[in-house]
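Single-structure report; data block below.
By letter and in written order, the chains are A, B, C and D; residue numbering begins at 1 in each of them.
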């Protein structure tokens, strides 16, 4: 049945009038450009196409192994939890809740969904479309509430599993409240390293601009810090990045309001960073002007601050420098050829391990950096980026047993099902079997 | 390297003098018969054989999928956590810690191991044997301590993952202390259902006896409650079970001390049950005599108490009846042909979902019961049992995202590694690539 | 790209006017009822839905295992053959060529397709639809020719792989001509066994009727022989089968022309069978009347002939009885409870191993029969049938390394790709490496 | 059972006296150094370790997918063929027959084994060891015969599958005789390409020497032709290769008798090559002296002949240059930076696709060469080699549906089992089911 629903819903999202409707609806509530909103709709459509036809039943594929005697066979199944909950944030109002919801349904669970109340209208419309495509009304509960109410509901209802996407602070609280019956995808202070082999400067500059500033930096995969090998310092990379950042404007929402930090908070953080010895403002660092964004939101130009590597590693600076600003803001630093161990040390001290990028085509450099880090979704190679969460590869953190994934069959199976072993043991008994002595 | 260590250690355990040494050492500290202790050593040996040669590297098998353009490919890896902890109970002093320890090592983690202090001498000897087989001294930390000290250590050291096997109460406390960074295998009130098709009464009686009373009922998979279809009531099943229970004796430890309940506690619990309307003592129900088991431990004859199904389901009885007694003690009940829904309702109310057995060769009956339950390790068929945790199939609970598994490649991968996605994206750029507009 | 083409083509086939067009087109050239033709279109649509979105790239999933030293990793890929050929028969003019063609394309091959010239108009229309959905013109070559011309073409072009669906005689010739570079799905003398547990006689009779006579028996999976346990002889099964066969009529093509046997050939075969001692005509056995089917085709009523089991096993009868008649014709026999070994002996002597059915819910009976037979697609259980080749499970013969499959991801990977192992070994060299002595 | 046999046999081969016995026995009949013979024993031991314990049953792992209605589930099994045959050559008298034999047994087949009669004493001894480790006498038939007798036996016995390792000529004949019921691992004219990035010249020279001349070039994976990027021509690579070749001597069998070509045949072939315009002898090219190798075998110094790339591609030269000489003999050529397409064209024209090596750490170069070739076992990276068939990765040809593999679980499953689909369909029927109209 879900194969049919997915096929119909995917076809609907492929119609220009429907994808346009959802793209503009997303723009009404989440600060992103039309292109970014359309991308969110597109990924959602492709995800639904992936689970047409029999692909939902293929998700429930089990395996079996012969047992110890004739008639015995052990089967490993993916089994649903039953009643589950889904809690998702404001920045991807369609993609995140829809993908997790369908994953939960595909595996046979009964989900209740709560989307951030500022943006939940998008998912509400999507659920209506799913009903139209054949989803039974009773299969999904959809709740509009604030976080406290939801927290209370979870503690009383005791869902067997809760998927939470959002801030690390709330994630840790929920983990305690729900005694660990949870999967998390929390934010990350995501890093990018440029390796010793300099190539395609224009391309790398453009990817850095998109990684750091698309959606005004409000992707959980946004580039928070850039480590440049000294060879890159000799190129016009930083100048090009500044030029690209300067193209962004409020008109088309290529830069826009920040929902979780005020302008003052962000500029205040910047000023603290600029007190570190050797630091400097590379570009940005000013409030946006001529707008009517409410003061409870933030509005600054795309900003980059340079901090020397040695200073980042100092105990009294480290926490400040690696504080995640969920907005158009990044740290830039440089490392000498023999300083790679310092870079790896800086990375190891980070707590959240969501995305990362290693921009290099040198296989020995790549294996050194990848082997010594633990980030969940790691791009490697000349075209590496930190953002980019399409439906065709896993997206999620690593290094934490609570870590969730999104998008792929593997992610769906990990988050929305558990292993159940059923051992069939039909007999027959061995001929002339007799009762053995007790043990 | 671990393939070699496993091959050597498996060979050592296959030598009669070594397996005899470990069997007797287990008997010195854990109350079980020689045969049961030898079985524990045998399963451990077979597990090690399973990971000889290249099988350890095969555990680290990754997969890859073509990406969106030439030069892009996404890889899904199983990645180690790094520093991890293992905490295991008294009842299987060799098998549980060794299997989890090797699993953690195979996947590349750095484990610290704590075994219940009453029995930890077994694992200490085993680690010495592993050192002799080539395990580097620094790869494993082994701690002897009480629970409080260990709890404090965990809260300070913050291992990325902790595997805990033991009581549900401690499991829930640890889940909160460690903010959910945990995998659990806790105890279970495990059930067996006899279906409508009566066959091989001798065999079924013998399996019931072993499931309920081997190791004096101190397996986490021990049969706690038996649901008999009315067709079985007409057979001599219960009489045969009584006869088999009566064979058990302290001499050869086919019944022995109970480490977590006193004799008084168990008989007191029984007396409360016998106040339920329609209940009766089937056999046992007395303290063992002529022994020098210390009073802090329990010592009773294998015991079975009958409670009518309707009484079990009553709200004021349910919690009492389904209280787990980690000793030679089981509940027996009967259901009429049309009462299967009541049985399923009783099962659904249980919290822990470790093992279960459905004794029937009727495929429609099996699919009805299995489809409506969620226990982790479920045996189905004429030869079904609740105990039996060999190394060739997964053993663990289901229905809980914190649930651990033990024994198989799947269990090792689930418990001791996480998904890491690495997307290689080497290029080349499309010919005549130009910088797009910002989004 | 093929994900998009599949999504579009599946959507087209889901439109009533398109599926109706193809169903009627199939009926114009292949003798089957509207319902059967529509079923063929439906399976084709569902197959296409299965490979929407990213599912084509997921087919190309590879795996990797760590190597012997830092920097080494071995990867197992599914690799295309390159130039390949597809040759398919008259009975499923859309489903068989389309599923094999798309499988070949999904895995990256360059196929040439030849469909039986009596029915190739269906596939020609389908390829035009695929072009309309985005299939590049140069990706597929489509040939209309007779068998001899195609045979010559194959011997000259030397495709790396040829998929042939059709008669065993041609299959063996092609295997020699192409030196074994071939995958085959040939016809089968398919059997069904009714086990000792009698249930749902109406249902079983109806399935027998459909298995033996739908498409006038011209499915490669059609039921050719029925082994009844003596318990079934006591039921009205045979009478019900006769009644159901009598419902079939030429008007709606529930019985129709036979393309590879004349009426005389079929009745002549029947008469030879009826000379066997103890044999009798159960029903049918007459030519159809009042029709204008050309004399080069056959036209008989649905027919069943009973032959005693002992007679079937005799050397001078066996070949005659197990001759496949690709038309509405089946053998029926009976076995006593202790004669199962004779039935298994009869099955073992058969050469082709395509489909089979074991109608029983007794797990011990099922495992006995299944364990001692080798048919490729075997249904087991009360609802077992011999026909039924949906897109959600593998369909194909077993017991032959040349055997092909159709429908599922596994079938596509087996038939249309081979294993390629690429071992990446980037280094670095061990420090202070020196040239070893020669070996 | 086979897990136990494998564990015991692996342990036996790990004993120095046993591995020494087999190494020397191999040397008695096959011309290779002690180190090479010991390597063969070691790989065999590791292979056996890989299938200890439960790993044999894990090979028989099946999968299952939910069906179309309650009670239906389709299972995909790996099923044995039954009676099978194994025919293996002289060059690896222990590794090839043992690995294939165990693979056939693990999957449940009944094999007959024929090893080249010059070397079959090795396998005869190994089978005795297996009997000692518990292999039942009746499980394996071992035949000593010449090829004609074996050919006749195969045609009469009609094994369901035959594995042949040996020359392409015999392989093609067998494919016809057995109507394609065959898996092949034939010889190959194996190539190595050195990419534009020059590194570690000493190491690459040493690998070239081992690839071309170890076992006197009598590995089916031996390097037959070397394509050097012009950047390598400027290095001392060729001189170093000449020096390394000169170290080889008859005393320790680092060069030795060639079993399938006489000295005259090899030098005659060389002289024909030297008539090609621009060709030259790089080193070797002389008969070995002071030996008592019978004249029916060959004995020459390790030899390399340079041929210009343009000449290789000419139609009248191509077949001559790419003729495989199963001895210490290789072709060397050079390509300019813009001549890579010519190299790829030369590779595409080759028929056999066994092993290959691409020596480069440049990811774009690697993906260009790998993407356009089809060799089965392809090493890529600075440390790439053509030889090296350990038990931890697949070894076998690609691009041919008859292609076999050896060593890994995937190879065993492909060669020694076929897919069998069993669809369990137990019911129940839908409530109020009624007989539908005929179709």
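Please note the rule applied: contacts are C-beta pairs under 8 Å (C-beta built on N, C-alpha and C of every residue); 3 or more make two chains touch, one makes a residue touch a chain.
Here is each chain with its UniProt name: A, B, C, D = Probable aldehyde dehydrogenase.
Model, not experiment: these values are computed from the prediction.
Visitor: If you tally the C-beta contacts for C-D and for B-C, which one comes out higher?
Guide: C-D
Visitor: Would you kindly state whether over half or under half of the residue numbers at the chain A/chain B interface are used by both copies, giving same or different?
Guide: same
Visitor: From the C-alpha centre of chain B to that of chain C, how far is it in Å?
Guide: 45
Visitor: CA centre of chain C versus CA centre of chain D: separation in Å?
Guide: Between these chains, centre-to-centre, one finds 34 Å.
Visitor: Considering chain C alone, which of its residues make contact with at least two other chains?
Guide: 54, 57-58, 65, 71, 361, 363-364, 381, 392, 424, 426-427
Visitor: So in the complex, the part of chain C that touches chain A is made up of which residues?
Guide: Interface residues on chain C, with respect to chain A: 3, 7, 10-11, 14, 46-55, 57-58, 70-71, 363-364, 367, 391-392, 409, 424, 426-428.
Visitor: In their complex, what parts of chain C are in touch with chain B?
Guide: That would be residues 54, 57-58, 60-66, 75, 361-364, 381 of chain C.
Visitor: Within their complex, state which residues of chain A touch chain B.
Guide: Its residues touching chain B are 33, 35-36, 39, 65, 67-68, 71-72, 74, 76, 79, 81-82, 160-161, 172, 175-176, 178-183, 200, 202-203, 206, 209-210, 213-214, 244, 247-248, 254, 361, 370, 374-385, 390, 392-396, 398-403, 405, 408, 410-411, 414, 418-427, 429, 433, 435-439.
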